[in-house]
Amino acid sequence: MTVDFPALALILLFPAVGVVFNLFWGSRAGRGAVNFVGPAVIFAAFFVATWAFAKILMMPAGGALAVRLWPWIVAGSFHVDIALRLDALSGVMVMVVTGVGALIHLYSIGYMAHDEDFARYFAYMNLFALSMLILVLADNLLLMFVGWEGVGLCSYLLISFWYTNPQFAYNGRKAFVVNRIGDAGFVLGILTLTAALGYHGVWTLEFTGLQQHADLIGPAVATTAGVLLFFGATGKSAQIPLYVWLPDAMVGPTPVSALIHAATMVTAGVYMIARLHFLFLMGPDAMNLIATIGALTAIFAATIAIVQPDIKRVLAYSTISQLGYMFLAVGCGAFATGIFHLMTHAFFKSLLFLCAGSVIHALGGEQDMNKMGALRKKIPITYWTMLIATLAITAVPPFSGFFSKDLILEAAFTSGHGWLWFLGVVTAGLTSFYMFRLIFMTFFGESRVADEKLPHVHESPPIMTIPLVALAILATVGGWVGLPDGVLWGNAFARFLAPVLGTYRGLFEFSPAVLSGLASMASAAGILLAYVCYLRMPGLPMIVAWKAKAVYDLLLQKYYVDQLYDLVVTRPLFFISSRVLNRAIDSFMIDGTVNGTALAVETSGELARRSETGNVQHYAFVYLFGAVGIVAYYLYLVMR
Amino acid sequence: MPLWLFAFLAALAIVSALGVIFQRNPVHCLLSLVVTLLTIAVLFIGEDAVVVGFLQAIVYGGAIMVLFLFVIWLLNLPVESGPAGHLALKLFGSLAAATLLAELFIFLVPPHLQVKYSGHPPGYGSMENLATTLFANYLVAFEVTSVLLLAAVVGAVALARRGGAGPRPATSRGAAPR
Amino acid sequence: MTPLSLKAINFLWLPILPLITIALAAIVVLLVGVRVDDEESEGLGWLTIALLGVAAVFALGMIGQTGVAFAGSIAIDSYSAYFEIVILIATMVTVLMSLDYVAERRIAGAEYYSLVLFAALGMMLMATAGDLIIIFLGLETMSLSVYVLAGLARQDPRSTEASLKYFLLGAFSTGFLLYGIALIYGATGTISLGPIHAALTGDMMSNPLLLLGLGLMLIGFGFKVAAVPFHMWTPDVYEGAPTPITAFMAVGVKLAAFAGFLRVFLVNLAPVSAEWTWALWALAALTMTVGNLVALVQTNIKRMLAYSAIAHAGYLLVGMAAAGPQAGSAILYYLLGYAFTNLGAFAVVVALEGRGETSDMISNYRGLARREPWLAAALALCLLSLTGVPPLAGFVGKFYIFNAALNQGFVGLVIIAVLNSVMSAYYYFSVIVAIYMEEGGVQVAHMGARPALVAAIALSVVAMILIGVYPEPYINAASNAFHSALGAGVVRAASLQP
Amino acid sequence: MAAGLLTALIFLPLLGAIFILLQREPRAIWNSAFVFSLLPLALSFYLFAAFDPHQGGYQFVEQYNWIPDFGISYHLGLDGISLFLVLLTTILISLSLLYSGGGDIEERPREFCFFVLVLETGLLGALLAVDLFLFYAFWEVMLIPMYFMIGIWGHGRKIYAAIKFVLFTMFGSILMLVAIIYLVLAAREHLGRLSFDLPLLYQVPLTHTEARWLFAAFALAFAIKVPMWPLHTWLPDAHTEAPTAGSVILAGVMLKMGTYGFLRFAIPLFPEVALDAVPLFMALAVVGIIYGALVAMVQPDLKRLVAYSSVSHLGFVMLGIFALDPQGVEGAIYQMLNHGISTGGLFLLVGMLYMRRHTREISEFGGLWKSVPVYAGIFMVVMLSSIGLPGLNGFVGEFLILLGAFLRLKLAVVFAVSGLILGALYMLWTYERVMFGPITKAVNETIRDLTPREVAVMAPVLALMLFMGFYPKPLLSRMEPSVITMLARVHVAQARMDSEWRHSQLARTTDVTASPATPHALDSATRVAAADK
Amino acid sequence: MIPLTYMLSLSAAIFAIGVLGVIIRRNVLVMFMSIELMLNAVNLTFIALSSRLGSMDGQVIVFFVMTVAAAEAAVGLAIIISVFRGRDTLHADELTLLKW
């Protein structure tokens, strides 16, 4: 049952207010005002969201809140409203977005304390929150697309936030364009759906409407649309082949990386697929594709992560890898699980980024792990919180990541994707390896910090550490809502989402314990390896790298994918545009024809002009010529 | 008129006409022109156009030709100095003229020459008859010719009289850039 | 043959009153003129204008009548009236723009104005002619006067040369025209248009002699309307002649020539139209194309306008080729608009020739808009009208003619025509470019000192706009005129049946 | 309804133009020009309000005889298709006058204002004319002032550009004139009299070949104006050399005349041919989209870049028009407005930059955000609207177009969406080169930010973008009935062709069942049904 | 009576000769004479035809043509004189101030 709940609009209104304020009066109002308004609006949104979420919890299962704001695009029989809908799924998302978002806003106050562009920063951040909330709360595919592109825009703006650096500006554009490529697919997906239903006289893009007319769509269309939409997701959620923008996105301010490129935006793809699960379920091929891509991305990114020296890049690739997990989950049909991991990941990954930010902050902007080490004494809070997050991501019980990742692997196995399960397990090992590599290189061993920086190393101010602690708590307990079945309250999370997403049923039963045991062993192995390599015998990595130089470079250069794209796509595009189209066709062929005609006309005119010699006898001759002609014509008339 | 006479006159007319266009000295041209005109006058009379024939002889052979003669002497024209690089013109001109003539001939041979013959009414070509037609059917035309002559006189005077038509410096054409 | 009896002639003095007026006017002007010094010829000009006005008033009286006078040598109908009026107005404007010009250049005023009047008389005769001989005489009267007028600026060698060329070629083509008349006379046994029209039945319609005569007359008229390839004289003569006379030739002579051309072909030779439309088709296509092509590369505005006049003759010939009542009306309307447009343009050219110095180079027009905005605007408007930009007269005229041509199914010809008018846009607009978008050029004598010229320009431009924006009355007038000519043609034919 | 409103709308600017000729002092000229442009603006807003959104036919109709001999009448009417273009025209004219008064046009202001106002008359007339002759007259009239604007106040090879513009357009339109006359003459058999009245001409039966040729002539004229690839080369020159106001009006309104022509004349007059031509035109449109975007990407000159982007955008519009279904066509109309606003805005912004730096070379700029943040911010929004970011006006139009086209011809859309990507690519790249990065040229550090007047010029633009992005309904609902009426003719033709096709099948084989209607027929039928209810 | 064909052919011949003369003779005066030839050829045609048709019109026309010719002669020679005064040449190919 759906209850009309206008207050939902408030969740969007507050960030909107923040945007307007920061944009127009921010710089004039001064830092204090901005530092208050920026986070405050998000907290406000958070409280409204909690209120709404509470209502959902009160309601019987399957309840939802909705508000229809105004009709949006109405053409022919096609009709889309601007309307919001909050059900269990979007509820979870909203809570994550506003909650984590609020904390990160808070953190930003400290992080941006020394930047004079704070107003613009908070304007963008609020705008992002707004877009993300639109994406989540939208009750139809098209409005979701508004948020979908909106977050893309904000990511563009925030990546190139420090625009004076051309590299940053470039990365920002890269992010936007790559996203656009995905979005093109997304649009096509929407069109396919609309057309498919339109042929049956049904014109709706509302999720409820789609679900109820799903039978009209048919598997073929469902697969096509599914694949296209998923292509959109690969852009937004940085999956193969469109993941390339995310690592470069790390040049933005770290809180941005935490909020946008870890916790929320990049998970939009997963959310979208969960939203449209009924569609994907009709197209098994699409599902398999998603699962496969997910798993491949997971291991692919993980392998890259193990050699990256830049702390944030490691996290970036780890994000890609974790997103891979989520897609693996939804691809296997375990939508709730995917969302579950999405949530836990939001907690620990944003925490990781914030900690990394804190580290970077402490080291005055240093991001290279080779220039860190032995920091755990200097910045204890950061260390402990980061450690917790790491344990969470490496799926060490009882931290949150453990539960979600276990469920994913179980789903992968029981849904008959043995190989994908195997990849998942290996990835788990790699994950724990590169994460602990990060921990060890940053906080343990002997310090490699540049001497002049050493004295200034300091723990971040409370405004930054409080969010860390808060997130650490979440990263710890966040997984307990989804315990294995039979343990205490079992998987309450899945039960909560079941009315929306249905419940996952594997093809066969298999003891979870065994699977999680294997996974845990992989993780443990990873940790152990990391310990060996980076604490026991620090020289070892060098040697390995030197021995397997090819492999090492391959990984360090991220499999040369960027170079490949540059060679295959970018350069030819520019060549064709500038040489072929602009010069050859436009200037030479088309305009050449035009001007050529003009020239020909003028020349013939000049020639005709020269016949006017001024000698009257020539005139008489031409006259006679004409006369002969006409007489000849009449002769012909007579003769015929 | 007997055919032989016509043949003679025709030959004479053509020869003298050719003389007009082939002789160097304008005066000779003029003289052969006069011959042609008189021949034609004779042909007129042969065609029962007595009055017109005599008019032809007088007006043309007399007045107009004398006028020409005056001009020639007035300007004491030199003998035309040869065909100065006009060969192409002469050649193609002759060809064109010949073509025209040929075409005309084809039109004028019997199968194509359809004219309603009718006998001469009494007094055909006589002065009275001419006058009647002139003043009955062509009164306006007759008046117009008078105006025409007046206009011609005025024009001739306007052009020939000395003085007047004040300073109008000839502009150098093509001076401005294109 | 009956003895001469004035009964045989149906005297109708009233219809030819305009003609008589002009004839007398010419003589009066001449007589008054001989006492006037060349510098003060303005008065003479005003007198001329007044007399022309009187004639125009008389001409108004002929509207609506139908019939023939003087044994069919004069046609009394709205057609004649229409042309007489237009010709008279055109002549008035010409005189208006001549006033200062003639005086400034100390051109013999008496002869000038009387010859203009004689020319006008010839033109009117061509319009009102009821038989070929009147057309011939009218043509000669007009031509002889214009030959002289073209050469009246005797100190300017270009003027006399123009006059000579015009004369030689004119006389040359007179021969062809006359030959044509002769052969038609031979074929039909008459030179009266009505009887000719009546005679065109049965095997007469394919009489070779008739066809040849037709062809030769086509050549003769082709010369007068400056149709390619009989156009060679036009640019030279237009350039050399005194500018007001150029205007007079471009407008008056063309009006008269088409008046006769239409009267002979579209009205009285209509029955054999099958025998001449295609010849005209070719002439039209050739004329438009050559005219525009060469105009494209001209640097002297008078020459450019000369070629543009050729091109417009081409458009008019499109109408001729269409050969129908609608085409006739279209041509009449087109001529009206064309007359005022060209008069306006040439008047501006006269204005720019200023006191003494001539400046016919287009380059001299640069930056005119800054110095003389109104003059520039007037010229620009005229050029736009010539291009055929709505809502000016030129556009409606073209539209009317194309309409008629398409009505006859001449799609190809019309397409040639419209492509030509695109081409023409190029050179008309490049003059506008010079006027508005470039700098430099020559200073113009202040217009305030020349009210007559200003009046001429204003009159033409206003008329041009008016005729274009609200064409209805003029279209009606044109079609009435032409239909009355048709009617008269038939009437005459009927009245003269044996 | 109050008669004479449309006449007033059309001729108020002309009145203003004449009034301006009497002014001497520049200030007075600019002010009176602006005021005289506000009057039609107000009037058009009144029309928008008074417009009956449930009626598909013409409203505020006026009809008087003009040239009865040809059945030409002074017939004006406003419907859901022209309404918004009228609004766009009045708005953009006012804005460009307001902008040009702010120092963009220094010399000969009187003539400038005169031409702008005359141009407005021409544009409005062409939009409101329901009589073909009248339409053609205004169509040509609007050519001249623009020619003068480019030629007199333009930059660089202004004269070349101006002449090229005129000749290109005339070439097309004059052939259209022939077609018009032919059509009217052909109609005479049917109507029994000459008439240039559009509604009457709609019902003229033509042989297929006739229709083909006539459609070709009309289409050529409009395609040049749009401009469709490969007839577009006049546009970069004209846009680049024209003064800012000229570019704004040219891009904002004039190009729409072409697309409007398709909607009003070419398609409804010859629906069968239009249906046959769908693949061709969609192909050309798609080529235009991609080609325009790619060529725009490599332009070194800002204005040229925007010009080519117009080629791309208009490609979208054509795509929507030839979708020939409500979504596509309404999207196309909506996109016309969007393009008018966003591209107009871009040209204004480029003009502002040019006024400050007297160059449009992208390489001359860089890092401008630091020196002119307000400008940069506004530029950002306008750019986003032009690349069709959801939430701004551009998206609504583009989506509807794509949807409509998708229903008609999937393949075309598959290619067309690449336009979205490329659009983002070249726009952001430009923005990056102009606004981002360090300031490379010293001059750029000191250029001043937007003046209040300029902000006042841009404010309405931004407001419109947001409004049209989030609340398009009032516009769409007003254009809907007219679009449906227009498309009804197409559907009829469609049905006829299908039945003919079926009969041919029947003739060929005895198996009748093996001849289903083409999918178009089905969905168009369903859509009509849906639309009717 | 002489067959009409002969008469007309004769006049055609003279006409053609006149035409030729106009084209090949550089001397303007002689060109004018050639034109007179053409006119007379036409006159001959008129006379011949009128006597065959038995109508006086032809003769009257010839009468008019002669008048016109006279007028033309007057004007033409006047023009020629004034040209000669200015340029003292009568050669067509030297009177080319106006061209192109």
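Which chain is which? They are A, B, C, D and E, in the order written, and residues in each are numbered from 1.
The rule is short, and it goes like this: contacts are C-beta pairs under 8 Å (C-beta built on N, C-alpha and C of every residue); 3 or more make two chains touch, one makes a residue touch a chain.
Given the structure is predicted, the values throughout are model-derived calculations rather than measurements.
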Partner chains shared by chain C and chain D (touch criterion as defined above): A
Chain nearest the global centroid, as defined over all protein CA atoms shown: D
Contact-richer chain pair (by C-beta pairs counted) among B-E and A-B: B-E
Chain whose average C-alpha position is farthest from chain A's own: B
Inter-chain centre distance, chain A versus chain E - centres from mean C-alpha coordinates, in Å: 97
CA centroid of chain C to CA centroid of chain E, Å: 25
Mean-CA-position distance for chain C and chain B (Å): 28
Where chain B and chain D are represented by their mean Cα positions, the distance between them in whole Å: 68
Shared interface positions of chain B, touching two or more other chains: 86, 89, 93, 96-97, 100, 104, 107, 112-113, 115-116, 121, 129, 132, 137-138, 141, 145, 148, 151-152, 155-157, 159, 170, 173
Where chain D touches two or more other chains at once, by residue number: none
For chain E, residues that touch 2 or more chains besides their own: 15, 18-19, 22-24, 26, 28, 31, 49-50, 52-53, 56-58, 60, 64, 68, 71-72, 75, 78-80, 82, 93, 95, 97-99
Touching pairs - complete list by chain label: A-B, A-C, A-D, A-E, B-C, B-E, C-D, C-E
In the complex with chain A, residue positions of chain C that touch it: 164-165, 168-169, 172-173, 176, 206, 208, 211-212, 214-216, 218-219, 222-223, 228-230, 232-233, 235-236, 275, 278-279, 282, 290, 293-298, 423
Chain B partner contacts - residues on chain E that touch it in the complex: 1-2, 4-10, 12-21, 23-27, 29-30, 33-34, 36-37, 40, 43-44, 47-54, 56-60, 62-64, 66-75, 77-82, 84, 90-91, 93, 97
In the complex with chain E, residue positions of chain B that touch it: 1, 3, 6, 10, 13-14, 17-18, 20-21, 26, 29-30, 33, 36-37, 40, 43-44, 46-49, 51-52, 55-56, 59-60, 63-64, 67-68, 71-72, 74-75, 77, 80, 83-84, 86, 89-90, 93-94, 96-98, 100-101, 104-105, 108-110, 113, 115-121, 124-125, 129-130, 132-134, 137-138, 141, 145, 148-149, 151-153, 155-157, 159-160, 170, 173
Complex contact set, residues of chain B against chain A: 86, 89, 92-93, 96-97, 99-100, 103-104, 106-107, 112
Residues of chain A touching chain B in the complex: 617-618, 621, 624-625, 627-628, 631-632, 635, 638
